[in-house]
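Here is the structure we will look at.
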């Protein structure tokens, strides 16, 4: 997606219609037809419980995990008070939502898509996998997790060819995503090269970037930084790219792996 | 009691404001927001004046991230005055900002006292600029790196240099991180400031809950949001009581009731900062809400409300 | 990793604390609470040391009410050091406090610098008193009524006079309402303080939402609670990094995680203030919770945790 | 009740079992058998929503309006964020409650009891009226309100002889409680003198104190001040009495009208 060609974002108050645990995470679905219609894989929303409460004060950035005609789904890992409050959303609660925001993944390529997710970073890959498949591209997912509780989220990728790894071996293979990755990036002569779409912790993205570079394939990575505004006002969410800081909320969260400076 | 619609318009020196609510520097980028949000911000501009992010003589890339962290009812930031530099601001941004239906208050800062004079000279030539605000919370490279706004003399010198270079309405934005904010306010006014913005962020720090290391790349940062509202209200109350020039009040303003309180404390205009991040269209509702509150309480005009908290009971 | 129960005990100078959690002066009256609450506070005393409310040479009736107002994640107070005077404190309270299973840190203040010396002389004779804390945030009647703690010289003078009169462990409690808290800390340490308490309340004000007049009878007050935690953490971090004497950290401590963070920032002990009002038995759970957090994170001892945020990453 | 003879207070987490509007106020009932058993008319509790939320930060003082074997009832007027949050309590919510606290009314007298309530100040008079009646004392209530929305609370005194006044005349008689009061304070020769039990805004209490003094009858008044701790720790809740400030939370909230300095 072209960073200069923004889909207009707007603010909505959205009722929660489903909320269920997915292992250690929680999937929350809310009614937001306008966002569902516009959402591009890899985009995010700024979201908080609706209402005047000051705790938390600001909305939190959350990837759009899935979207259909009416509903938007997010997958939340409770790591602090903002995410915990979102994860505790019950049916009937109302969320204040701004979106869709940011650039998503560029899906225009033709080669087989290798989706690499680490932990909660698998969230945006759900919609990404679905959309790529609709466009007729081969989709293969490599999903790494700390342990079984997190790895349960692999169920969201039921329809796809999925490789699950856990660090402690409690589910799938033992190890990290960078082990199977090179094997999926072989360039078949005469065929379009594979492309990597990745989201996860910085350390993982760094490895994904290195391996992709070594294999000579393009990698797009979605980064998570601390955000306050989500719309380019605060300059808080910057990430170091070659030559300068760039705002993850407007120039990202998806960047070409090669652009980032680690 | 005659039931007239309350009068929201107010004069801030030569600036005619349709209502008393403006934005705080660094917290609302209308050029970015207008691109991203569906709302037509250039038509329905929610603020009565627009204060762009502070600019400096040279571009600054700002501090190492992370730059943000939420604290109880507050936000810590260490943006580090990231900006494109005053020349790009004048060449690229000002021509677009001219279309705004509200006066522009340019905000400037510098690592040296003389930077304030040089910035003002450049801005004095720009007719789009209605007023200049000196952000004196920038680390001073001439001394120990502490903000020059923490010292009355240095603040006075920056204000005096600025005053020499511009006849525009001159605002000095005070830092709360001082022993005696009224002394700094007096120094600024004595050196020629026409108005004072009160307050910038409060020094603070947060540790990452897991690593127990400072969260912010810059270690410490500035605290804003509702948490600092009592600190801001006190500063506005004291400064506007002791000085004869108008005050722009800010610090934690989130609701129309907050606007009412800052006006009563002595502010002539009220700036919204962190609350813009909570909801970028919040400000649009504040002026409306303020009007409703004024009707409810029989307050006839903003002008009549200013400083009410200071009157004897 | 060897799994030993974590070591919570810590030495604060000569004081042996069973764990690092003490109370902040003026926020827990054990004599009153023990009378009212079912809990047997003299047996199950939740704090590792007890700091009674600050006393002055003469009794003080305190400020005109209202004296309290809640703000976002904070509390404003203007108690005005209401106290029965040091002589009644020594005659009536100390004999009862002797029964506490924890060392007593007496807190004193005065309107004149010399009051600190006189209070210390009286306390030096009391063997129940393990340490003396100088609260230098009391308005100084010798100057302009500003707290002497806002000036490094005056703070040093108070500390020196106190030092002359007592060989007990001497703590100076710093005010955050200064341009440079490290300078005040240095002055206190230079004059003989053994330890620093960081921080007292932050200056603030609130208006009554309806009348728009100052809520507090005293107009302005001191802000405490989670809202000021970032301000306190920064002060603890800077002061303990720059000085070689132990620091008691406080300001907004409400959870065990907060205790962990203040220790990591550099505090040797951590005081709970406003959170006692939220729940007078909260402190009892904090030490337990701290232990659990330490086990969870593999932190072996409080002593090993102190100042961890200052170590290079 | 003797201020030096405290009923031991304790901290409880109490489920809300009923919550209903009473005009502009809200009556909230929660399970607190220990408090219900110990509560003396005129005592109060410190109460907030249970949980780690910091907004509001502190509990709020609320009179014990009524108590039976298991339940404690409070009557809440939403005037700010703390009271609004309590008034919004729903069945199933949990409250963090400390109590019973403070001195209550001294009920040991024998004369007819004249209960004077102003606005939300009628709250503690419910339990007071019931207890006085149980003790065989004649009870007469004079209840003043701003308007009908508040005056609806007079229904809580159904079993008693009640005089309702509103300032705007929208319910009961038009006027203030001080108008009918003197007529109820006549001392019958040979009979024990009437006694006044009052709770309401300062202005009303001042009038009640003056009238009672003029009629030569004893008046106990319950005052409301800003409180942080409720247990004598903070010195924040003081009220001016003859000669000194006294803590409303431990020496009050009920004071002899004659002790207060206005």
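Chains here go by letter, A, B, C and D, matching the order in which they are written, and residues are numbered from 1 within each.
Note that in this section a residue touches a chain if its C-beta (ideal position, glycine included) is under 8 Å from a C-beta of that chain, and two chains touch if they have at least 3 such contacts.
Predicted, not measured: the structure shown is a model, and the values here were computed from it.
Student: Which chains, if any, touch chain B and chain C both?
Tutor: A, D
Student: Walk from chain A over to chain C along touching chains and report the minimum step count.
Tutor: Tracing touching chains, the least step count from chain A to chain C comes to 1.
Student: For the interfaces C-D and B-D, which has the higher count of C-beta pairs in contact?
Tutor: Pair with the higher count of C-beta contacts: C-D.
Student: Using mean CA coordinates as chain centres, what's the chain A-chain B distance in Å?
Tutor: Each chain's C-alpha centroid was found; their separation is 36 Å.
Student: Quick one: report the Å distance separating chain A from chain D, using the average Cα coordinate of each chain.
Tutor: A distance of 56 Å separates the two centres.
Student: Let me have the rounded angstrom distance from the C-alpha centre of chain B over to the C-alpha centre of chain D, please.
Tutor: 46
Student: Using the touch rule from the top of the page, what residues of chain C touch 2 or more other chains?
Tutor: 72-74, 209, 225-226
Student: Among the residues of chain D, which are close enough to touch at least two other chains?
Tutor: As it turns out, chain D has residues touching two or more other chains at 54-55.
Student: Taking chains as nodes and touches as edges, what kind of graph is this: line, ring, star, complete or other?
Tutor: Basically all the chains touch each other, so complete.
Student: Could you please specify the touching residues of chain C with respect to chain A in the complex?
Tutor: For this pair, the touching residues of chain C are 72-73.
Student: Can you check the complex and tell me which residues of chain C touch chain B?
Tutor: Spelled out, the residues of chain C in touch with chain B are 71-74, 76, 146, 150-151, 177-180, 202-207, 209, 212-214, 219-220, 223, 225-231, 233-234, 237-238, 252, 257, 260-261, 264-265, 297, 305, 308-309, 313.
Student: Going by the contact rule at the top, pick out the chain D residues touching chain B in the complex.
Tutor: Those in contact with chain B are residues 54-55.
Student: Show which residues of chain C lie in contact with chain D when the two form their complex.
Tutor: It comes out as residues 26-29, 32-33, 35-39, 53, 61-62, 65-70, 72-75, 77, 79, 82, 209, 225-226, 254-255, 274, 276-281.
Student: Per the contact definition, I'd like the list of chain A residues that touch chain B in the complex.
Tutor: 6, 8-11, 48, 52, 54-59, 80, 82, 96, 98, 101, 225-229, 231-240, 244-245, 250
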